[in-house]
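Order as written gives the chain letters A, B, C and D; numbering starts at 1 within each chain.
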Amino acid sequence: MADDSESNASTAVDSAATDAEAACFEAGIKFGSLYHQFAGTPISPDSAPSLARAMEEAIENQPHCTDVTVDVRTDELADALANASAEYTELTGRFLEVEIVVEYEGWTVVTKMAMEDGYPLMRLEEVRNE
Amino acid sequence: MADDSESNASTAVDSAATDAEAACFEAGIKFGSLYHQFAGTPISPDSAPSLARAMEEAIENQPHCTDVTVDVRTDELADALANASAEYTELTGRFLEVEIVVEYEGWTVVTKMAMEDGYPLMRLEEVRNE
Amino acid sequence: MADDSESNASTAVDSAATDAEAACFEAGIKFGSLYHQFAGTPISPDSAPSLARAMEEAIENQPHCTDVTVDVRTDELADALANASAEYTELTGRFLEVEIVVEYEGWTVVTKMAMEDGYPLMRLEEVRNE
Amino acid sequence: MADDSESNASTAVDSAATDAEAACFEAGIKFGSLYHQFAGTPISPDSAPSLARAMEEAIENQPHCTDVTVDVRTDELADALANASAEYTELTGRFLEVEIVVEYEGWTVVTKMAMEDGYPLMRLEEVRNE
């Protein structure tokens, strides 16, 4: 039974997490890192591609992180700047679509970030054993 | 059987994660956020307590995060400054001990950060259903 | 004469900066540091005081920085949260009023940050020789 | 006379800064921003070029900033990794050489960052009126 087996794994004497749980933990670390390292960076339509690429390659350095894809929502960025007095703004979640893939001990975790109710929601998309 | 039930949960058609996995993902987000938001902050023995407190309260704002404890390793900080020409340095993992507790859908996840081989290693300490 | 030498210094062959100019440069460093270290930090009315204090003490570590005052604009923060689905948001310039004082080689520089046209404008308030 | 008025301005009743001082303040802001936005970013020899480019383009968005040049000290980075258990490290000043040029009201300010006594020292290289 799912509940029992999971409970066994995670509430045992040593409280060890399952490999799938550890893979999800690793995926979360990558998302928090990406967001809080780069939030606040000055960004414009011209500089968006280089920032997106740097974010991808920086986070791909982290352990177990096999792929990071950062897309800047250029329409949203253009809208923000159309109403502004400057030609750049600060990077925040509303300008980002991000997918991060982590592989850990045979588990693959796919995570995505999208805006929901005005907040950048990070969610688990897939947790699969290969 | 543990493997089957877990596999079922995470490789099903909708690839939905278990609540325990989601709780671990949330815990990872908090750790990545804490580290990459505050790494690089100027820190001295005098300013360490206020920074530690701010880190705790900032990350406790995040969803499902019930407790954050940040201890600055003041001996390590004093050592670093003893050999330096300035009276402060930059915050990095070697000066930190952190515990983060996340509660999500009945699951409690306890995570810790400690130095291992010169790197700040974040690990799952407990994943338990209450 | 101090006044003459200063003027000469800044346009001389070796392009050396005056002490007043160096003091202003130092003040700018502090402001950029404060803003980009802490922008993006999760903040709520409850956690605002500890973050403000940490920002002050962290930046006061930097060379020649004698005083930093950070006030969180709690009305603005409450307004932002009243229209939001979460109980916290990310720190950005619209929630901040900051004053930084730098002393360098007999010069005191007072700088402030305030919102102007939707951007956090950092400006030199006073540059005086004491 | 320009020289006199400048000197007067900076010590006058209203304590207004000179244009040269404001230019130096602007240059300082850029340096503090660059350093504290990106310090702590995961970096490896492979990802260094994309990060350097993103840093340049991000800071060039800021007002009055005409040119930013970021060179990663790859020898220093390789040395750090040779003694480490991982294939990446965190960005800090010891891996960077940076030049930032600001133009403000006819003044050009050239600033550089280099390591001195183990600290990343930011200094004014030139302040010239053109």
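The criterion applied here is as follows: a residue touches a chain if its C-beta (ideal position, glycine included) is under 8 Å from a C-beta of that chain, and two chains touch if they have at least 3 such contacts.
All values reported here derive from a predicted model rather than from experimental measurement.
Set against one another, A-D and B-D show the most C-beta pairs in contact at A-D. A rotation of 180 degrees, rounded to the nearest 5, superposes the Cα atoms of chain C on chain D. Chain geometry summary: the mean Cα position of chain C and that of chain D are 16 Å apart. Chain B and chain D, compared by their mean Cα positions, are separated by 31 Å. One finds 29 Å separating the Cα centroids of chain A and chain D.
Residue positions 33, 35-37, 40-41, 86 of chain C each touch two or more of the other chains. The touching residues of chain B, when paired with chain D in their complex, are 35-36, 39-41, 84-86, 90, 92, 117-119.
Considering their complex, residues 33, 37-38, 40-44, 46-47, 50-51, 53-63, 86-88 of chain A touch chain D. Per the touch definition, chain D reaches chain C in the complex via residues 2-4, 6-8, 10-11, 15-18, 20-22, 24-37, 109-111, 122, 124-129.
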